[in-house]
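Some structures are shown below for you to check.
Two complexes follow with chain A in common, the first pairing it with chain B and the second with chain C.
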Partner chain A sequence: MINSARQQRLIDEAKALLKQGKVRWIIGFEAGSLKFTTTPLITADAGDTSRLVINSFIVNNLSNFLPELEGRIGIVAKGCDSRSIVSLIQDSKVRREDVVILAVPCSGLIDLAKVEQLIGKDRDEIDAISRKDDKVIVTLAGAKREFSISEALYDNCLACELPTPQEYDILLGEPILPSNEPAAGQKKLDELKKMSPEARWQFWKKELERCIRCYACRNACPACYCQRCFVEETEPQWLLPIPHWQDNLMFQITMDIHVAGRCTDCGECQRACPVNIPLRSLTKEMYDIVADLFHFKAGMDKEALPLMTHYEQEEAEDLIG
Partner chain B sequence: MADKKINKRDIAKLPNEWCREFSVLVPSRESGTVAMTRWDGKDIGFLDWYRNTVVPPRDSFLPLIEEMFSFYKDKDGYNIELPPPKEQKQLIFGIRPCDARALAILDMTFNDGYQDPYYLGRRQNTVLVGIGCTKAYDSCFCTSLGNSPTDTTGVDLMLTDIGEDFLVEAITDAGKELLTTSSLSKATEADQARAKVSEETARQKVTRNIDIRDIAQKLRASFEDQDFWQKVAAKCISCGICTLLCPTCYCFDINDEMSKAQGVRCRSLDSCSFPIYTRMPMENPRTEKWRRVRNKVCHKYEFYPMLFDAIACTGCGRCIRLCPVNWDIIQIIESVPTGA
Partner chain C sequence: MEQREDWEPKIVGFLCKWCSYAGADLAGTSRRKYPANIGIIKVPCSGRVDPLFILKALRLGFDGVLVSGCHPGECHYLTGNYRARRKFAITKKFLEYLGVDPRRLQGSWVSASEGDKFAHVVTEMTKQLKEIGANRLFADDK
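So, the complex of A and B:
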């Protein structure tokens, strides 16, 4: 099948890059230890590349690892990841010549939490999950059930604007156009916008009350790369480390503002959250505001100046207007 | 006292009866994640979906946020007020064997040279009613650690699924007192036999295994093996999930919430995965990620055995299931070099 062919091509390319000394590291995905999972493979060993996979569960935004490795890096990137790489280049966190982008045109990833909801079973109780065109097929106790992608893909994948990386060195497979389901990807936000401010406040209070302040949302985010995060400052102490919901809210809001213009809507923050806080509803709103006010979309053009480092005259009018 | 049983349909009668005396907690999704939550008098739906909580029941003893005392300043100086003495007695209904064992492991630390009044106060004030597991997650490995899906270590009363009914077995005196409820009937020998079968079936469902023989020695011998630890740590993003949600992790931080001349001293959980861990009293000696990952593994599988002769891991699998990069402690333990 197409998928296995491009997986083989990825393995060959990655192996060659390491063997010929063109890169020091390969960052990609390998099969995870649990059902329907993958896990980042970060290796300098050409022998390991045979474990690389491409499938509907390659969730992590691997660009997150770029700033911490030394030497030239070959990296597997979906559309959103490639935007994060470009954004890191714009911010001078990564140099273009130091990365070899192995681009994976991506038709969207399967959201296991949604599948669990649809089926009423946990992921490890499901026999198989596969993708066929605009359907997701779930096999449970031998019986097959079909769902439309708008029910079973991640919201950010439904709203994806760049499934095929624009910036790459090696393209693995045919380019893919954006899905026709942006409305489905916006559903959760629409629901929230329809609420009264009071109801919305109560909603976020309840959601943020269970935040354990594990910072997985921040650490999984490639746009959050500060050496020292404001939450860790003690002089002044912007925020207490005690996870009261008000501080949790301040943490999220400040983080959103900090990544404005760099968030590519990859969805990692929400996916990383162990207690299911719908964080994308905040980041995507910020993403849309940035698009409206500044006509700026993160990681689309590596030559563009980073959003927060310059301003255009018309912005001021929009802002004040 | 002979064992009892109760029909699954009647199970709500138990917490309903117990909640006259106790503040009863049951597994619930009410908060938006799975956690032990105050019994609402009706919802026993958890029997259908509950496998284990996301937030470990440790939270009822060592909560995420705890008020240690409050203070205020007046003309005579500072005054300290302790929180009101312990409320109603607690009963946790449905704790899993791994999590009950985790509390026994935590006791070793909190009931050691220093006796922690907050933790111990709640421990002494709480009765644990366990329900044996019938369908382990694909990340569970309790059987490798001398535990099992129906183990009774640490619980006061144990329920074992025997089909239509639960077998109800008192493990401690506190458990015996719970048996007086009128909703229970006498268990027969056939019920006991069914429980044996169900224990074995449950055990078979735990599919992942590790070999823990000599693990403390192996870890000691590999302590300086930087290559190994760097490889193992490469994909970790240093979040707090695998520690803050681990039922045997207990590190905490202490902060004052101040406003003008008054405040509250709080302790809240901390994580050795964080680069700023222990930065308050000194520096963090583990600035590189691999050192922090090494500490997490060694604390559980080397230091704790050294201190208390027990591995501080129950095989609950939360750290595997919830990790955003699928870092897998089983794979790590399995690949520790022999040190030879």
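So, the complex of A and C:
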């Protein structure tokens, strides 16, 4: 099976990198303690590399850990993660020579919540979930059910623009082209845009009423790396720490503005949210605005200058009178 | 909530001190009439306008926010207004997506000699804000 072949290749490469002293750390994924999950594996010990996995549940954007570790790092990266790495390099948060990118051509991650909805059962009751071409196969009490990827993958994966990293040192497997289901990935945003402005504001008010301001979204985001975040500033104090919807919404809007031009639509913030606020319907819109106004897509072009450090003389002219 | 007959919109204007602020001054000294609805905050350059200023103003209940700087190519710091434009543009577009009436956030280029233009911008904006009514975006009662 292709997956296990490239998993073995990853293990061999990672082990060699550590043993030969070419890297100090390996960051990858290992099986999680719950079914159909993985958890980050960060290790300096070559013996641990046998635990590395590649499957349809390697959700975390591990580039988030790069600025925190000292020494050269070998990192497992899907397409979107590799874009975040490129973006971090452009922001001078990470040096290219300090990373060895172990690139995973990615055919999209399976959204467990969607699968649970599709079959109306909890993940504990599912025996197996596998991927075959453009189908997701769920085994339940011995019976197999097939779903299309547009039903079962994460929205951001359906809209993925770079499944295979462009920037890498070691490529694990054959390159994959974009799946071309962007319309399915855009559905939630399209629905919002059909609503009246008042209804849209009410929608976000309602959603952000549930926010508990745990900042998991911020902490999971590789583009959000300030040592001191504006939410913790006290002079001036932009926000009250109490999770009122007004401040919650202001926090989200500001975070989206701050990551504009660095957000790669990796989907991590939404996955991190413990109360399931549809954060991607915010971040993806900002991503689209930036693409539309400035023809800029984070981490796609390694020669590009960071969005907010430069400008064109003629752009967005109709917005200012 | 019912709007009172005599309600007047409140605008916060972030004006660059090298151009628009001087333009506003000129409008005043040359006795050009413009609505008293704007409260002005002087900034060293339009590039200083952090999107947080805009959000905070809306959060505090101001009905509109005006950001005004030197014309393209004329920024005292050469590029501040181009940088301001990127920040301003994404903020404006994003707020519109969220459901904020785009007329609540406006931008203009006003030089130190354009007192008339400044008066015109404020007059127009005040008129538009009267049409759309008070900012109740962050109010708790709905």
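Annotations for the structure displayed:
By definition in this document, the second predicted complex is superposed on the first by the 316 of 321 C-alpha atoms of A that agree within 3 Å, B and C clash if a C-alpha of one lies under 4 Å from a C-alpha of the other, contacts with A are read in each partner's own complex, and residues count from 1 in each chain.
Simple rule for what comes next: a residue touches a chain if its C-beta (ideal position, glycine included) is under 8 Å from a C-beta of that chain, and two chains touch if they have at least 3 such contacts.
Remember, predicted model here, so these are calculated numbers, not experimental data.
Once both complexes are superposed on chain A, the partners chain B and chain C fit side by side without clashing.
Residue contacts after overlaying the shared chain place A:S56 against neither chain B nor chain C. In the superposition on chain A, A:M250 makes contact with chain C only, not with chain B.
Residue contacts after overlaying the shared chain place A:E285 against chain C, while chain B stays out of touching range. Touch criterion not met for A:S87: it reaches neither chain B nor chain C. In the superposed model, A:Y311 makes contact with chain C only, not with chain B.
Look at A:F294: by the touch rule set out above, it reaches chain C but stays clear of chain B. By the document's definition of touching, of the two partners only chain B reaches A:L240; chain C does not. Contacts of A:A199 after superposition: chain C is touched, whereas chain B is not reached. Once chain A of one complex is fitted onto chain A of the other, the partner contacts of A:Y215 are limited to chain B, with no touch recorded for chain C. Vectors from the Cα centre of chain A to those of chain B and chain C enclose 90° in the overlay, to the nearest 10. Closest C-alpha contact of chain B with chain C, superposed model: 10 Å. The residues of chain C lying in touch with chain A in their complex are 51-52, 55-56, 59, 72-73, 79, 82-83, 85-101, 106-109, 121, 137-138, 140, 142. Every residue of chain A that touches chain C in the complex is listed here, in rising order: 192-193, 196-205, 230, 238, 246, 250, 253-254, 256-257, 260, 285-286, 289-290, 293-294, 307-308, 311-313, 315-316, 319-321. Residues 31-33, 35, 49, 51, 54-55, 64-65, 135, 137-139, 234-235, 237-241, 244-245, 253, 255, 257, 266, 268-271, 274, 276, 280, 320-322, 324-328, 330-331 of chain B are the ones touching chain A in the complex. Chain A contributes residues 32-35, 37-42, 60, 64-65, 120, 122, 124-125, 206-207, 209-210, 212-216, 219-220, 232, 234, 240-244, 268, 271-272, 274-277 to its touches with chain B in the complex.
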